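Got some structures for you, see below.
Look for chain A in each of the two complexes below; its partner is chain B in the first and chain C in the second.
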Partner chain A sequence: MKKSYYLFNPGRLSRKDNTLKFVPVNEDGVDGKPKYLPVEGVKNLYCFGSLDTNSALYNFLGKNQIGVHFFDYYEHYTGSFMPKDYLLSGKVIVNQVEHYSSQKKRMIIARQFIEGASFNMLKNLKYYSKRDKDLSKQILQIEQLSKLIADTQAIDELMGIEGNIRSAYYSGFGTIINDFEMNNRTKQPPNNEVNAMISFVNMICYTACLDQIYHTQLNPTLSFLHEPGFRRYSLALDLAEVFKPLLADRLIFSLLNKKMVQKGDFDQKLNSCLLKESGRKTVMRAWDEKLNETIKHRTLDQSVSYKRLVRLECYKLVKHVMGMQEYKPFKTWW
Partner chain B sequence: MYVILVYDMDKRRVVKMLKLCRQYVNWIQNSVFEGEITEVKLKELLASAKLIMDEETDSLIIFKSRQESWLEKVVIGKEKNELDNLI
Partner chain C sequence: MKVNATLINLYTVCPRECWLHANGINMEHTSEIVYDGKLLHETSYPQRADKYSEIELSAELNGTVLTGKIDFYDAKEKVIHETKRGKSVEEAHNWQVKFYIWLLELNGVEGASGKIEYPRLRKTSEVLLSETDRDFLAESVLKIKRLIGQKECPPTINAKICKKCSYYELCYIDEIE
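Right after this comes the complex of A and B.
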């Protein structure tokens, strides 16, 4: 299994002896001890610190199918370096476009995404309501709202319902998380600890989805629920809807409730709250472990990692647009 | 598959071996590497290693383990290179 590497230290990454050499640099500009990353064992790189590289390295990374994701100082996702597409299929793209441009066909897929998302959100709430948290109000609200999904005719209408479901869902976060308050969901910038966590983990979730889409024939810019072109890889946003409750939110709950991330891991600045490096590292480590965790898949009857689940979702989408099998979103069954 | 790879080579060839192994597994100590590797990649590594080695005098030993978790690793003294994917 290839690994993801997370680069927090600023430094220089270069190609050396046909493998990757990373030289960390400290605040005074002094080089640290070089570290060699075995190129055959690298899946992708996540850069949080500033990275010094040259095009020779990117050529090398491209040849080895290694993607690099960049994040800025404020933890926003800024972009990716993706190697040349290696799974090309004109047929899939043509069908993908067709499913986008026909309102009827597009709605079928979009509805499924929301359907999956709301089901998984409900699962989370129900799990915690069994653990003596009073979430009956939110559960009822979401259950009622999700009945409306099937009758929606336009994307705007669907997005409206999605927004309502999500705000009901987020209103339960304060109850689920013990020591922190969430109040309303705020972004750009997040105003408290829980919001900062949500923003950070959601963003990581997008990139994980993007990574998986890359390994299929799907085009990551053609999306169904979100408007394509609104953000660059909008199909990743679509997929993330289904997986955010399962991957991102559960991780947030456990990290905060087990006190693995505490008040000291956040930086309170004027009107904003961001994760400090210590917090980011804890989150990334937990995330990496989570993605490699395996579950027994029901229909495949084999152990499947969470990462793989996202890929399977992509395959289902391919089958749907090719007219082989109708797309059914992933729903947690445990 | 998780492997520990050790070699003992003539000093004229030892650097070549080091450079080759760095591409596939993590360096942990002089002449010692460990890491996750697939069956095929290991074959590839061994094929290239044989080209460097003089099989009359040099040796290369590989300890295989199904999974990293089945390996208990104890470090005494200074750990020369911590294996972590958060850098």
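Right after this comes the complex of A and C.
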């Protein structure tokens, strides 16, 4: 099975025959012991440390359909190397565009994304309210806000409701998470531990969605809820809405409540808070395990990994735009 | 619109797969079985590549372009060799090879035959083209043209082979309310 690899240490990555060779380089510029990764076993690379490469490597990665996602020193996602599209279907793209450019058709899909997102957020809150956390206020708020989704006529209006749902949801995080306070959601930069975790894990979730879209005929720049951007693969943002509660938030709750990530894993500066390398490594390890965990799928009658759920969501979108089956968002059923 | 051997093969198995494939929705890359078949094809007869040649054929039939790429053609014996992994869609393999023989005929090569090799099963089977096969193929070409030109995707076939198909997830993913 192909795996994701996470490169935290600085070093040099190169092609060696049909394997990838990674030579770690320490602070004094001294080479460490090289590691070899057979190319057939690599799904994608996540690059956190500074990486020294050449174009021969990218040609090799491109031919093997391996994407590389880059993050800067402050853990911001900065971009990806994506191999050229290998699944092109003119029909799918034409239909995708049609579903974007007709306001009516676009709203149908956009509403479903928010519908799925709010359902999955509620599911999280209800899970914790059964465990004696008082989240009744937030649950009630979101339930009422969700009723407005169906009547929305414009994206702005829908995004407004989404914003209110999300702030109600985040207001419950302080209750769910035992030893940390979150207060308000802050980004750019996050001001406390919980916000730092949310920013980091959301970004990883976005790249996971992007990876899955890449293996379908969908065009990642053509989105429905988010405005298609110039530099952003905004369809990945659309999909991430549905999956953040299940993939990202649940991971954050469990890592913090099980004390797998603690205060010492964060770098608290004057007005920002970021994960240290130790924290990042713990998060990425847990993320990878989570994504490979499987559940028994209700309609497919097969074991399906969490990661696969995202791919299946892409298939549903393909079917929707091709007029084969109406898109219904993924809703956590357990 | 061109009709090729892959479409003939797929059409015999499942019209839906044929339609999806023709519309650029390919799923074969997701399948371990397909990958396995590809490896088998590449590794089964390593010495054959020198002796036999790969040929590309095309012909026109009532305004429809037919194309085919034969991996191994023994021009001396006039035998088409086709390697397959298993017999689960044997009928479709036969029609694929019959289509090649027919294409050869349309190009003026008479008396060709086919041999489907199943290295994993250690079996081979002979394929010949009959008069009724020719009619069936001509008819299939028309039906395929009509099928892939239609706007709607044909329904799922709910067959036993669906579970092993690379389109399984695409076809059967659904949400229960």
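What we mean here is this: the second predicted complex is superposed on the first by the 332 of 334 C-alpha atoms of A that agree within 3 Å, B and C clash if a C-alpha of one lies under 4 Å from a C-alpha of the other, contacts with A are read in each partner's own complex, and residues count from 1 in each chain.
In this section, a contact is a pair of C-beta atoms (placed from the backbone, for glycine too) under 8 Å apart; a residue touches a chain by one contact, two chains touch by 3 or more.
What you see is a predicted model; the values in this text were computed from it and never measured.
Enquirer: Does the superposition put A:T78 against chain B (first), chain C (second), both, or neither?
Expert: In the superposition, A:T78 contacts neither chain B nor chain C.
Enquirer: Touching A:F330, do we find chain B (first), chain C (second), both, or neither?
Expert: It touches chain C, and chain B stays clear.
Enquirer: Report for A:Y6: first if it touches chain B alone, second if chain C alone, otherwise both or neither.
Expert: first
Enquirer: Touching A:P38, do we find chain B (first), chain C (second), both, or neither?
Expert: first
Enquirer: Just chain B (first), just chain C (second), both, or neither: which does A:Q153 touch?
Expert: Touch partners of A:Q153: none, neither chain B nor chain C.
Enquirer: Quick check on the superposed pair: does A:D288 touch chain B, chain C, both, or neither? Answer first, second, both or neither.
Expert: first
Enquirer: If you stack the two complexes on chain A, which partner ends up touching A:D17: first (chain B), second (chain C), both, or neither?
Expert: In the superposition, A:D17 touches chain B alone.
Enquirer: Quick check on the output: what are the common chain A residues between the chain B footprint and the chain C footprint?
Expert: none
Enquirer: Mind listing the chain B positions that touch chain A in their complex?
Expert: Chain B residues touching chain A: 19, 22-27, 35-37, 41, 81, 85-87.
Enquirer: Applying the document's contact rule, which stretches of chain A touch chain B when the two form their complex?
Expert: 1-9, 17-19, 22, 24, 35-41, 281, 284-285, 288
Enquirer: What part of chain C is in contact with chain A in the complex they form?
Expert: Where chain C meets chain A, its residues are 23-26, 29-30, 151-153, 168-170, 172-177.
Enquirer: Where on chain A is chain C touching in the complex?
Expert: Residues of chain A touching chain C: 86-92, 215, 217, 298-300, 308, 311-312, 315-316, 318-319, 322-325, 328-331, 333.
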